[in-house]
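Dropping the structures in below, format is structure tokens.
After this come two complexes, each holding subunit A, first together with subunit B and then together with subunit C.
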Partner chain A sequence: MLLFLFKMKIPLFCLALCSVLVSSFLVVAAYAQDADPIRIGLMTVKTGPLATGGIQMEQGLDIYLRSVSYTIAGRPVEMIVADTGGSPAVARTKAQELVERDGVDAIIGPLAAFEALAINSYIAQVGIPTLSIAAAEDMTQRTPNPYFIRVSSSSAQASHPMGHYAAVDREFRRAVTIADDIAYGQEMVAGFQRVFEENGGRVVAKLWPPLNVAEYSAYIAQIQNVDVVYMAFAGINGLRFIRQYAEFGLQGEIPLLGGMTSADESILRNMGDEALGVISSSFYSSELPWPANVDFVSRMREVYDVNPGYYAVSAYLEAMVLHAAIDAVGGDTEDKAELMNALRSVELEDSPRGYVRFDEHGNVVGNIYIFEVQQKDGRLVNTPIKTYENVSQFWNYNSEEFLSQPVYSRNYPPAIYLGQ
Partner chain B sequence: MRERCLIIVTLMSLVSLPLWMGSDYYINIASQILIWAIFALALNVLVGWSGLVSLGHAGLFGMACYTGAWLLEAGWGHFTAVLGAFAMTILVSAIFGALSLRTRGIGFIMITLAISQILWGIAYRWIGLTNGDNGIIISARPTPFGIEMDTPGVFYIFTLIVFLLTMLIMAIFYQSPFGVSLRGTRDQSRRMSALGFNVWLIRFFAILFSGFFSGVAGLLFLYYHQYVSPHVLSLLNSAEVLLMVISGGTGTLLGPVVGAGLVVVIKNVASAYIERWNMLLGVIFVAIVIFMPEGLVPGTQRLFRWVFSRIKSIGAAIKSEAS
Partner chain C sequence: MTLYIILTINSITMGGLLFLLSAGFSLIFGLMRIPNLAHGALFMLGAYFGVTFLRMEVNFWIAVIFSGVALAIIGGVIERLLLRRLAGQELAQVLVTLGLAFIIADVCLLIWTGDPIPLNAPESLRGVERFFGIVFPRYRLAVVVIALILAIGLWFLLERTRLGAMIRASVDDPEMARVTGIRVSRLFTIVFALGAALAGVGGVLSGPILSVYPGLDAEMLPLALIIVILGGAGSLPGAFLGSFVIGFIYNFGQVFFPDLAYVVLFLPMLLMLVLRPQGLFGKDPL
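Up next, the complex of A and B:
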């Protein structure tokens, strides 16, 4: 059947090929001019170790856009997904691709802090509104970017309340912390330690396993003579640590507290009884009871058969905020500075995580919940047991004073009770 | 004559690329290809011409990035930062060479890998110096002779000039007596040393030379991204640049450039269309190894020669039949 291709003379063949190419370009160009859609670029990670969360982000965004039939302010919406592969250099190129080639009106993502930092100067330079879940404290603190807002939580935003809960509500006195040795883990631990110690607790040991450590037994063996363990892990590490913690027989012996992503729904579905009783603090769980969330969770289960967690809800919330802002500017996304102002003044009364607004640095102010892993209908879920209302990234500290201190790190605030 | 025409046409199209490329995005991709090509050319000095396979070149590359970024952040000017970065990179290359040249073959690979991992560890853990995981953001690109380099086109031209200079120096280096003796140490190191050449010193200088151009690429990378994080020092980076050299063709001048183009395009451009771009890259490398084990550039040359010889022999056969 394809024989005629071989029988054709070469110039003729080239001519045919060229005409096919040109006509297909024309068709594409004609389509592109058909309507003027709002283009939303999603920067996420679909390959590599961060992919589980990255794919959930895409699902969350898709669920929101489906709920508005891919139409915002009367304009059709186009979602363009870019895979950064978890590399800062590729993230930068992908941001350029979205802005310069695809002409997106706003970027949702990227996922990891180092990716957000890699595109930090670029998004300010071209002025493209960016709604990210990257938790790095300083992106909305000491070096805020006018084109960056965060609707999830800064690293320590959810761990300050956990420090309060542990010291005041549960009256734990001696704690050991264990966290991924990356900025995200360090900042979460710092926030926990600061509030915990100000309320009478003492952090007596801080353990820092490397991000890609094979197993935690050497670290778990060091956990002795304490009331409580605070863990701050990202990705799949929380699952592995909790499992080994139970294997060592410490489950139920020493209570286990966790940061935002340590017992997230995305890893809970792969866990068994070993996770029961883990207490974590976050801005979201699929168990939050109000209708906005019940509705979101049921659609996620229906379409993708997963319980939404940190990543899915973040993308969903970002789309919600973007929608509200585009409505506020009357659907005109050309003036990016105006769109950015609108984004920063968005207030959501009724989102899956509850009431949401932004502070002057572009970071979210909203509820933080304390969750406990419980069994319900044969599934593990994060049941809310306490609510801290309208928590900002500065907890109850004065923001100017907070910003005049160094950024949270492995060594700040200094741990004065180590080894006692 | 034909070769000269080809070179002129290529040069013209490279220089005028910002004019006909249209989108800023592709101009930026072109700049990235050139930056990686310089890095691959630097590694090629060792892999191709000295027979020393280094799996730690990202260490030298990253050293220039970090020193440059650190000096700029500390408030020094661009001139000092660039000079400082080169000095530091050469110093580290010297240590790198002194340690790794004690071994050969697998040992050499492992030592270079170990050194780059140490540098990676420092960048990751010495937070006071390197800001750890979050890296260092630099505020601006330099303005040599008052020329702003913020637009993709201008930065591309700047990168192109550096790239062409690198190519020129590499070509001169290859033909120079030093280049010839370096290849001598690769093929017949014992005979070279019997002839009175100091094999160790020749290799050591080759490492310094390679380190310097890794530093050039590192600085361009820093200015392009205006951001540096421990990822630049990772094993992945070292392996990727080695793949560029091997897939393009070790020991050739054009091979590393072609390899750099291949990897950058697949990683950045093709990944927008193909979700499993990692697999595509893997399949392409496997295909190269099966069909052109010597690399793309020498492989294509071989293919052309084969096709031409076939045409000639067929022509001769027809002639003899006719007679």
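Up next, the complex of A and C:
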């Protein structure tokens, strides 16, 4: 019996071996024919609750690559899309597949910070340039990864200016914050609180609904006796909160400020009047007036019939930066360390978000805008009302001093005015 | 003081919403002895049907009814074609409902995309009521009234009709019910369809409060589970009381123990399982 099995297996094994050999010859032949393509791996989320943003990332990347006819530095470009499903474990596997099976030259993505943290050590170990929107502060601060670069914004990069705007421009004095109880929400709130309090404001209550909370009414009931509310939500929680805020009659009574993903375009297109008047800070909205953005927005509308927001523009910008870097190394993507250096020295004069460069930690330096939700041509849009120019992740703090302090968290900086 | 009043009203409206979710779950659990893990998905599917009906400019209440009917049909089909084949194999049935939950969620994502979709409450129920300076959304108050009407209707069905008597007999002792000539297997289909219909109705009614989005199913299912374990499987008064208890625990817990939001929700369930596994109103241990 055993012998029989053994006999059976040998021919099968030979067959398998042959087919592997043949297919690898075919692959080699294919390589020799064309100019070797540049392979870009997009790690995104196409299923589950994060899918809205993930699909927009793919659209933004596609729009950019179309604009250059899928050719960079004379080489054809291949986009390989991997769906992580929003799971760190899958992200790790997919990253390995992209690198080891598909042989990608760079990774764009992943979407969520917890996914980026899951592949963090792997990308450093194999040395694959990774351009991600993952906002976790320490990925470009206390524990920077030499192969990681961020062209969107760190968590607090856009919330520092909001703290300034709230305290100085609007002269709000008493604020309550409400945020998803995850690192992203905590870091945004910490940045807002720090600058707001340094300019005379007081955060008198901090509310932390769990990420998957079904309903916000218990939290909204606690919003009393304040001038302003600051919210920091990810995914669709901003939509749910803003709706319930209006449902309880607070819209127009207490101004509502938000972090970058609390009221971005992906949420606004599913909202109505309840979002009017929400003020948020971010590095981008589809309403930015310069030609580079008007052009991008019109192509997104034409092809996908959507206004691009946070996710779409991030992938688009990442592709722009990657393009500039590959041009700088003359199209040779073999030496990943050199490509990484080129990526970090990229300067974009004219991108949809404005001028862009990178600091020594691989994080973007660029404009942060304050937006207000208004109605325009029957759509809700984020109209820019103030610009903070060339904002770095350290706001106007000394970077060494900043890095010597603990990373932003739920309890740092300490909130000394709670309950007052 | 106003905080307490607001929280109390919030707790009551949340209880109403939770009853819409858990009534069907409890009925199915009681009769068929399985937690229907697709219940959250059916709830979400009902809400998405509501979205589609409302986009076709159907009246809100008609959309609620249509959605309930559609889910009743789907529930009936699931029971006849899938669960019936596994009669008596409770573990297999539970796994089937789990698989269905994933399938339904993915189909919803395919059809309705990943975008969150808010439903609008009917015109007459938008806006707020003010009592003594406390603002309260009118629609939420309406949900409590609907939950009460539904609870009374279901109570009447179970306690005062022949069908209800058969269901109660089968919940208490399926073998004996069968011996007396009740077609328990047909009751299974009816109850599963009814439970699915209740989920569908609850889904649409909760739309204006929760919005509809991928992941709604996974958020609602544990709540249904907690309520039914607290109240006792198959007991309508149990589901009713459990819903309001959880409504209060949820709202007050989040204010007074904000760091322990999930602990305060699940601890009562754990205690109940240890101390009184049959739940408040359950007749025999699970």
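The criterion applied here is as follows: the second predicted complex is superposed on the first by the 385 of 420 C-alpha atoms of A that agree within 3 Å, B and C clash if a C-alpha of one lies under 4 Å from a C-alpha of the other, contacts with A are read in each partner's own complex, and residues count from 1 in each chain.
Simple rule for what comes next: a contact is a pair of C-beta atoms (placed from the backbone, for glycine too) under 8 Å apart; a residue touches a chain by one contact, two chains touch by 3 or more.
Predicted model only: the values in this text are computed from it and were never measured.
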### Query
Just from the overlay, do subunit B and subunit C fit on subunit A, or is there a clash?
fit
### Task
Please indicate which partner A:T177 is in contact with in the superposed arrangement: first for subunit B, second for subunit C, both, or neither.
neither
#### Entry: Contacts of A:S282 with subunit B and subunit C, given as first, second, both or neither
neither
### Query
Between subunit B (first) and subunit C (second), which does A:N145 come into contact with in this model arrangement: first, second, both, or neither?
neither
### Task
Pick one for A:P209: touches subunit B only (first), subunit C only (second), both, or neither.
second
### Touched partner set for A:E100, first subunit B, second subunit C, both or neither
first
### Task
Mind working out whether A:S87 is in touch with subunit B, subunit C, both or neither, as first, second, both or neither?
first
### Task
Tell me which partner A:Q224 touches in the superposition: subunit B (first), subunit C (second), both or neither.
second
### Task
Classify the contacts of A:T47 with the two partner chains as first (subunit B alone), second (subunit C alone), both, or neither.
both
## Note on the structure
With chain A overlaid, the minimum CA to CA distance between subunit B and subunit C in angstrom is 5
### Query
Intersection of subunit A residues contacting subunit B with those contacting subunit C?
47
### Query
Given the complex with subunit B, which residues does subunit A contribute to the contact?
46-47, 82-83, 85, 87-90, 92-94, 96-97, 100-101, 113-114, 117-118, 120-122, 125, 136, 138, 143, 181-184, 186, 409-411
### Message
Can you tell me which positions in subunit C touch subunit A when the two form their complex?
### Response
2-3, 6-7, 10, 13-14, 106, 109, 113-118, 120, 128, 135-137, 139-140, 209-211, 213-215, 218-220, 223, 250-252, 254-255, 258-259, 261-262
## Note on the structure
In the complex, subunit B touches subunit A at residues 23-26, 28-29, 32, 125, 127, 132-135, 137, 139, 150, 221, 225-227, 229, 231-232, 236, 267-268, 271-272, 275-278
### Message
Per the contact definition, I'd like the list of subunit A residues that touch subunit C in the complex.
### Response
47-52, 54-55, 207-210, 212-215, 217-219, 221-222, 224, 236, 239-240, 243-244, 247-249, 266-267, 269-272
